[in-house]
Structure formats: structure tokens, C-alpha cells
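Sharing a structure with you now.
Labels A, B, C and D are assigned to the chains in the order they are written; within every chain, residues are numbered from 1.
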Amino acid sequence: MEKILAYFKNDAFAAHNNIRLVEVAPGTATATMEITANHLNSLGTVQGGAIFTLADLAFAAASNAHGTVAVALNVSINFLKAVGVGTLYANATENSINPKVATYTVRVTNEKDELIATFEGLAYRKKDKAPFA
Amino acid sequence: MEKILAYFKNDAFAAHNNIRLVEVAPGTATATMEITANHLNSLGTVQGGAIFTLADLAFAAASNAHGTVAVALNVSINFLKAVGVGTLYANATENSINPKVATYTVRVTNEKDELIATFEGLAYRKKDKAPFA
Amino acid sequence: MEKILAYFKNDAFAAHNNIRLVEVAPGTATATMEITANHLNSLGTVQGGAIFTLADLAFAAASNAHGTVAVALNVSINFLKAVGVGTLYANATENSINPKVATYTVRVTNEKDELIATFEGLAYRKKDKAPFA
Amino acid sequence: MEKILAYFKNDAFAAHNNIRLVEVAPGTATATMEITANHLNSLGTVQGGAIFTLADLAFAAASNAHGTVAVALNVSINFLKAVGVGTLYANATENSINPKVATYTVRVTNEKDELIATFEGLAYRKKDKAPFA
């Protein structure tokens, strides 16, 4: 796990936005984001792109943790609740996997365990070994 | 248009990520992002969250430009081509609108007009006047 | 439950396609479809539309079972495994609900409990009482 | 085109539901459905599954018309307007194609050219020749 966590620390966009991978194993991952003023939209709530990016990091980690490169093809995200302060958590779990394609559900919650967004990701699995593997 | 552009300059997450709204009118908008090292993932290509955020800003602007607050309920995004340098453009157009719900297609392209991603957004239209209106 | 089951027996499209609601309660429902030759596509496997319709009936029942009319706004479906014979099951569970919008996950499985498709539905909740309520 | 049209006449689920492919070429297709009592849900409007199936046939035809087998991985559909009588049309156009994956937009309209639904399909392209090719 150390090598994968280190690898995802090199995700510059996540790092630039204060998003951190905290746990990862084949098919599952958790990421967190402590909300700052940089995450807000013009209405003062967390921008949809910030929520997406948090969930996307968990999705990328869970799907790449099998040791081969997986790239996102499609994501469908439902935004359920606006939030302006605190910490958000993204938990990715795997719904299906075959040699070509794998699918994941990521739940984004806050400290009160309220559901903020649900994210469904479909990844294409390449033959290439992941850089950390 | 000046007031709406000014309003979306207050989108801190977009600004923090070098994403800028350049045109907006009721039901349509264009945003751009000059790619920097901050937008890249561990593979060295633009992170999915950065592409999503670019498209999302165009979607938010196009849907709010009618003068009432519109909030995202669902987005489905297809990632079509990886890209690592240059400038990305997001163009939002409106597919449907009624008093409760409106839908938009956002096409994300690069300088060669290659299609990088397609984004379908569904927004819920509140009764509240938009802050800039 | 009897009244809701009776009501959904009047779903002519589901009935015409041998799809039956078997259980329903507020926020949850199960539907089944015994595969026949009428469900197949040109490749001899169950057509995507048949799988969608099965899942959609469970989604409609779960979302309307609160007693007010709910209508589908968006569905995202992942097709995970082709299937040609046997019985399919669709189980809907509720992820979120507020006065305007509710979201559901429907899992479509076969007799071996293999996952055939996952379906995410977003419904708009009207104020109108459901006809069976 | 004759061979492809003939091939899709063997889509039993489409035929059983009065859905007909009328035009097809690589990357594009049109299907129609004359609404009958069999297409309606308990509210008396066309069931979401019927609309999906109509769009799906156009998607399948457009994506397979390149001559190799393409199978649906993900579809996101927005339901925009309820309809109870008349004829529906589904027009599929191709947004992107590479050796592995292709994406399509299908617009479902009625006789007044009102937009009933928009459907985004992502297909995986197998190496196998299509049966009609």
C-alpha cells in the first residue's frame, strides 16, 4: 500500500486541491478533503468539480490498485446535498471487474456521515503494468 | 454579460485551478483552461477532475444565466482522449428547459478542435433570483 | 403493498414484456423477468432495453411507494455481463430522498447472483398523490 | 444497408415492441416506434423502458454499422417530456471513435420535433466481424 499511496501523492491536481488518498487496496480506496475557501463556488458551497475530484481520486486508486493501468471512460455523478464547511470523505468499492472493464461506486460523505454525492465510475483496464507495481 | 462574468470570477475553485469563463448568455457559455503542471495526474495527463471542473463551470454559467439559481443534480461525463499540454475549451449548449429542470451538453476540446470529453448536465431550477440578476 | 402491486400490474409495457413486480415498500422494490425469445437481440442475448425496463420497473415502484408521484429524470446504466437464458432479478434501494428529488441504485442479477447490470436512477418527486395512495 | 437492416429485424425485443430501424450507415442510424397501448406505463404515458429501447436500437445499429461487433458498456438517459400518443423517432450520431471505444448521442423526438429524451451511449468495440458484415 505504501507504494501506491506514494504514487498517488504525485497526482498534482489532487495535491493542489488539498485532496489526499488515505487508504487503498485492490478494488477499494478512501480519499479525504478538508474544505477550505479554495473549494467554494460563487454560492459559497463546495464546487461540484471539487467533489468530483475527491471521488475520482478514490476511483483511480481503487481501479489501479490491481497493478495494471486503468483509465476512466465514463462517470455518472449525482449531487445530493450542498456543503460549505468540514471534511469530506470518498469511499470507492468495486462492483464488477473483468479483463477489460471494471466498475466502481464512490460514496462521498461528510463528518456526520450524510451522503453528499454518489459517483459511478467505469474504467478501461489496459495491459500495461501500473508505474508503482 | 459583464455582471455574470464578474459573478463567476468569484468561483474560487475555478479560479484556484486557472479556469476562466469567457462567454455566457442564457443557455450557453464557454470556459477555458490553459494546462499547467497543477492540472496533471500521476500519469502526466490532465486529471479527470480538472476536465470535469472546466466543463462544470460552463454548465453552471449557461444554466444560471437565465437569471434564476440552477443547481446540478446529475452529470454524466465520457472521457475520450488523454491530453497533457495546451489549452482546453468547454462549450455548453442547452438541450431542454422547463420551469423545474434544464439539460445541457458540454463539449471539451483542445486547440486542434479534438474532442477530449463530452459532459451531459441536468440542473434543477430554483425559484430564487441569481445573485447577479 | 397489495394496492401498489396491483397498480404496477397496469404497467402495460412491463406486462407485455413479461416483467413482474414482486415486492415493494417505500424506497425499495424487486422485479423479475423470466427470459424468453422475445427478450433477445440479434446476437441472441437479452437486449439492453429489456434489462433497462426490468430495472426501471423496480425504480418506479420504489420511488412511487412513498405515496406521491415520482418521475424519472436521469438514469445511468452499466451493462456488465451478457446473458441469454434464465431469470433476471432487479433490486432497487434508495440512496437519498428530499422533498424534490430521490435517488436509487438498482442491481440486476441472474439466478447465480451474478451481477448483470447496475442502474442509478434520479427521480423528481411531484406533490401529487400517487393513484394507488 | 439492406443487410444491416435485415440483421436488426432479427432483434426480437425491438420487433416485439413495434420498434423498427429505418436508416443506418457507419456511425449513424434512425429508428421509429408508433406508440400503442403496449408501450404505456400505469400513468398512461410511454414507459421509460420503451423510450430507452427505441434509442438503444439506433445506438446499436450506428455502432455496429462499422462492420465489427460493438456492445454497450454505459448509457446515460435524460427523460425530458412525457408523451402518450403518436410516433417517436430516435436519431443516433457518433461523437467519437477509436479502435476500442465509441460514443454516440441519440435524440428521441416526436412528430412535432419536440425533444422527448437524450441518450448518451458508450460502446466497446470488439475485434469480431459483425454477423452481417
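Of note:
Definition applied: a residue touches a chain if its C-beta (ideal position, glycine included) is under 8 Å from a C-beta of that chain, and two chains touch if they have at least 3 such contacts.
It should be emphasised that the depicted structure is a prediction, and the values quoted were computed from it without experimental measurement.
Comparing mean CA positions across the assembly, the chain most remote from subunit B is C. Of the two chain pairs considered here, C-D and B-D, the higher C-beta contact count falls to C-D. The geometric centre of subunit B is 28 Å away from that of subunit D, both derived from CA atoms.
Mean C-alpha position of subunit A lies 32 Å from that of subunit D. Averaged C-alpha coordinates put the centre of subunit C at 20 Å from the centre of subunit D. In subunit B, 73-74, 76, 78, 122 are the positions where the chain touches two or more neighbouring chains simultaneously. Within the complex formed with subunit C, the residues of subunit D that make contact are 7-8, 10-14, 16-17, 37-43, 46-50, 52-54, 56-57, 60, 69, 71-79, 82, 131. Interface residues of subunit D facing subunit B in the complex, by the touch rule stated above, are 76, 78, 80-81, 95-96, 103, 105, 115, 118, 120, 122.
If you check the complex, the residues on subunit B that touch subunit C are 73-74, 76, 100-101, 122, 124.
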